[in-house]
Amino acid sequence: MYNRILIANRGEIALRIIRACREMGIETVAVFSEADRGSAYLDLADEAICVGPAKSAQSYLKIDQIISAAEVGNVEAIHPGYGFLAENAHFNEVCRSCKIDFIGPTPEAMDLLGDKNRAREIARKAKVPVVPGSGGLITDEAEALKVAHEIGFPVLIKATAGGGGKGMRVAANDLVLQTAIQQAQTEAQAAFGNAGVYLEKYIERPRHVEVQVIADLHGNAVHLWERECSTQRRHQKLIEESPAPNLPQETREAICSAAVRLIESVNYTNAGTVEFIVDQENNFYFIEVNARIQVEHPVTEMVTGIDLIRAQISVAAGEPLPFDQSAVVQHGSAIECRINAENPDRNFQPSPGPITQIFTPGGLGVRFESHVHPGYVVPPHYDSMIGKLIVHQPTRREAIACMLRALDELRVEGIHTTASFHKKVLQHSEFVEGWVDTSFVERVFLTK
Amino acid sequence: MYNRILIANRGEIALRIIRACREMGIETVAVFSEADRGSAYLDLADEAICVGPAKSAQSYLKIDQIISAAEVGNVEAIHPGYGFLAENAHFNEVCRSCKIDFIGPTPEAMDLLGDKNRAREIARKAKVPVVPGSGGLITDEAEALKVAHEIGFPVLIKATAGGGGKGMRVAANDLVLQTAIQQAQTEAQAAFGNAGVYLEKYIERPRHVEVQVIADLHGNAVHLWERECSTQRRHQKLIEESPAPNLPQETREAICSAAVRLIESVNYTNAGTVEFIVDQENNFYFIEVNARIQVEHPVTEMVTGIDLIRAQISVAAGEPLPFDQSAVVQHGSAIECRINAENPDRNFQPSPGPITQIFTPGGLGVRFESHVHPGYVVPPHYDSMIGKLIVHQPTRREAIACMLRALDELRVEGIHTTASFHKKVLQHSEFVEGWVDTSFVERVFLTK
Amino acid sequence: MAESESSGGVFDEQRFLRIVELMKEHDLSEVELRDSEQRISIKRGGTPAAPLTAPSVAAPASAPAAGSSQPAAAAEDPNVVVVKSPMVGTFYSKPNPKAASFVKVGDHVDPETTICIIEAMKVFNEIPAEISGKVVAVLATDEEAVEFGKPLFKIDTSG
Amino acid sequence: MAESESSGGVFDEQRFLRIVELMKEHDLSEVELRDSEQRISIKRGGTPAAPLTAPSVAAPASAPAAGSSQPAAAAEDPNVVVVKSPMVGTFYSKPNPKAASFVKVGDHVDPETTICIIEAMKVFNEIPAEISGKVVAVLATDEEAVEFGKPLFKIDTSG
């Protein structure tokens, strides 16, 4: 096991890793930018090294400074957290060349899965379903009709050079497809100077379901069941939970097995998340792999009782996974709300600045993961999340009730937070009944 | 189920009950003395009623005021918490006569178990071991020797009118007993004007082990396993844990069954604790029943996953216990440290006053039960406990590590707390190895 | 002098506003300017950090009412005493629904005059005034639930 | 009088602003100037309760160093500039163990004078002074681990 590791991150995840290390008897070296100087969580590390000015590009993202801090700090490994350098295969490579363990997958696995198209290829080979599509450009109507009949209506027409919805069309039958193909081609030509379009099955009201996986260096790979993360705003997750509500047990098991199959096929090691979309008929399709720990990992920890950060560190150090698949059981229901320094009444405008006072919720089944404290100043330089409120209860109904009372207890003064918005979401019938899809927040709360 | 209940208590346990009620959808009426006016937890109740001045005798202990508040507040039941009126059978009786449910055992059961001698009688009838003794006064040496041989050396000679150790003698063999009997009689005569003495088996280095029980109104009684509470100072518990370390499984099961047998024999209902002492050979002896929820109930909640306050309210309302004995399983290890506003470096002198700042610990497996907040003023009128820090981890070793890091995170400014003392205890080999007896704290830390 | 007062005297609004503007601009919390008889003293932002450490939601339990029978509105008029409820219960201004009120505004009361009834646990407790004076306000309404310390009457002891 | 009021009276805005400027520059929270009948008293920034809300263990992340190359000890002597480390690494005062130090106290440096080496990731980075002046203090020792912004030298730019 390691004696000393460096944490190449900031804020709540840095504190999360410091806590795990303290409990494991591992010394920690924290790095910080000048904007984070004086943050209380840095006092909990054994050493804290300033690596640059506020701008991430010159501090948290600056590979040579992080590595230099690791050398000066005399550590054996680096935990990258999430964001910043966590999925940077080059950084991972540099760590290896400097003989510092990177607590995460190998650079090779990261590279392989980092490209979405290659990842889809890998999934196909591992017999993990991906969203069916034409596989190549559609040149004429006849081909379009043929493909559409193969994959089934409705279909989505996408511009190969596209982005931002431009050149995208949904077609539900032959007639619409015939006209839409041409329109899409014309639009794509105008927008991107490239008329190439392809077809993909259109998933209506998809749910975002992801599977937590972890594998050691000895060939053991397990999943820690799934998380439902469909409550999103602009593709940013707001609320995550485990287990996913209204997911048939056989689907749950099939998705989780598929995730393990996929990571085993690339000899993936350490923690990762395999993301899927699930349609209204519970068909699931692989989307991508996040080759790192995720913000929402605590909900999995609550229901499985497994400390994922500790597990990451252990397997990176070469220890075998201390549990096998049969020992990973989901107990009860866990929900996480991301508390952001944003004003939900003003289009989620960021609200940095000094937190004059904060009362944190407590009690049975409540976990608050946050690095902030009274007097803390939310810097404007980084993402707006100031903490994660997580609850764990025997049933989902009780978890929602517990989250509501915990959100009532949470009081942050001096800045705006998204806590009030979470309360509205948690009380909406669609959420309560567990039928949220990824369009839920925009459809219900943000359209006027 | 109730719609509205009154909480006849203050501080952390009042907040604990408010939280449970909010999660159950039950409205709460809090009562408070003038010393607690403005405490933040009162804002979380649906109504808060001032019942008198700071002195408990004129507020929290004043039965007519509490009942009057219950009537004015229009509640269906009263939760008494612990302390104050929680074990007052008369108050319990008054509630009944006012047609307000008392969330606890019946007045009859409370009365029956409130007298230690009667409780010992009940235990004997239920075949629950009690500390063996002469059962009556010893008049001469011959009788003393006879009894001593029956119950086995060493024996304790106690004055029947005694107290405070006066007239107490330990005898390990015939010779010592013969002289000690006379000395004790002389000393008792001088001290109390009553030479009567009796014999009891002397338990060397006893451990305090207690069993959480709960029973509904339909004849179902279960235990929620045991708690080890030997880390005490002047008979005040400082640290509690579950499961008890180094307790053979058959002893654990025997103690827990004995506890259920005892409460079943008196048709006990609602939550209670059956206290035992356990000697170094794992013999156990019944001491008394605490007919209420206890301060240390959270450790049981953590290992069993059962919310005891919710369960109390449910069974008081007439619902059957939602679990049977086989569903109550101990998972992992939980430890609680009582954080008191006391200065451990000055003989635990109380340290009331304003808390200028508080940073509360968080993270996986950490639960902080506390009503205090920055700006809170610890009143000098009540007990000094400002919160309970509870951790839950897969193993006891991990729980100790987690508690140490959580104690490091807890920072209370403005007053002294016992947090630093807990750190010393948790790192002592005797605690780490799990061999603490009730003399541990005084023997190791307080003798100079 | 009259001239200077309008164009630079302490009551000159232009100058006053200019100073306030400068205070805002430079984050000044307090300015005092004195020149023989002229003096301008301005504080800005006030209430130092009290709201920071003692937010409304968490008023510290520090300063309990000094005692239930103390005048609560001493600042108003030192002679006016607020009689507070000595118990939790239901307030009644009259002995029975059809009777007249024990006291009304303008009445003179003695210490032993019954001024109301508080019902608690089915017991109707007659509450005496405990002081002499003239009733200047009745602060509770019939059948209102009152807590310990709730202001019930204002009595002018000078009357 | 009119004369003095415009060119130095307490209400003279120019003088007022100059004082405020000096307060900002030197981070003064309170200034009081008195000369017989004239008196100027200014407080800045206020928040007297800062220590309560921002205890030492939790110094807010509010006021990051204004920039790594700014003078850190301006209050001492505005001409003395502190040269801080532009990177994390190991400090060396000389090109190799047997050589003399790049600079020592009393030496004059130009902007391009190498004043030390910071080793980071096996690379020996020569650090130039970036200003002209006389070395008045060396604040790091050989082989010391230095973080970004660590003060390395004091250089008197008036020398």
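A, B, C and D are the chain letters, set down in written order, and residue numbers restart from 1 in every chain.
Throughout what follows, a contact is a pair of C-beta atoms (placed from the backbone, for glycine too) under 8 Å apart; a residue touches a chain by one contact, two chains touch by 3 or more.
Being a predicted model, the structure only gives us computed values, none of them experimental.
Colleague: Which chains contact both chain B and chain D?
Modeller: Under the touch definition, chain B and chain D have A, C as mutual neighbours.
Colleague: Using only Cα atoms to place each chain's centre, name the chain farthest from chain C.
Modeller: With centres defined by C-alpha atoms, farthest from chain C sits A.
Colleague: Please tell me the distance, in whole Å, between the geometric centres of chain A and chain B computed from their C-alpha atoms.
Modeller: The answer is 44 Å.
Colleague: How many Å are there between the centre of chain A and the centre of chain C, using C-alpha atoms for each centre?
Modeller: Spacing between the chain centres: roughly 54 Å.
Colleague: Could you please state the distance in Å, as a whole number, between where the Cα atoms of chain C are centred and where those of chain D are centred?
Modeller: For chain C versus chain D, the centre distance works out to 51 Å.
Colleague: Among all residues of chain D, which ones touch two or more of the remaining chains?
Modeller: Residues 52-53, 55, 57-58 of chain D each touch two or more of the other chains.
Colleague: Indicate the residues of chain A shared as contacts by at least two other chains.
Modeller: Answer for chain A, listing residues that touch two or more other chains: 40, 356-357, 359, 373-375.
Colleague: Inside the complex, what are the residues of chain A that reach chain B?
Modeller: 15-16, 19-20, 22-25, 40, 44, 298, 301, 305, 307, 331-332, 357, 359-360, 362-370, 373-375, 393-394, 398, 401-402, 404-405, 408-409
Colleague: Help me check something: in the complex, which residues belonging to chain C touch chain B?
Modeller: Against chain B, chain C makes touches at 53-55, 57-62, 64-65, 67-68, 87-90, 120-121, 123, 145-150.
Colleague: Going by the contact rule set out above, which residues of chain A touch chain D in the complex?
Modeller: Within the complex, chain A touches chain D at residues 33-40, 43, 49-54, 59, 64-65, 67-69, 71-73, 98, 354, 356-357, 373-377, 379.
Colleague: Quick one: in the complex, what on chain D touches chain C?
Modeller: Those residues of chain D that touch chain C are 5, 9-11, 13, 16-17, 20, 23-24, 30, 37-50, 52-53.
Colleague: Enumerate the contact residues on chain C facing chain D in the complex.
Modeller: Spelled out, the residues of chain C in touch with chain D are 8, 15, 18, 22, 26-36, 38, 40-41, 44-45, 48-50, 52-53.
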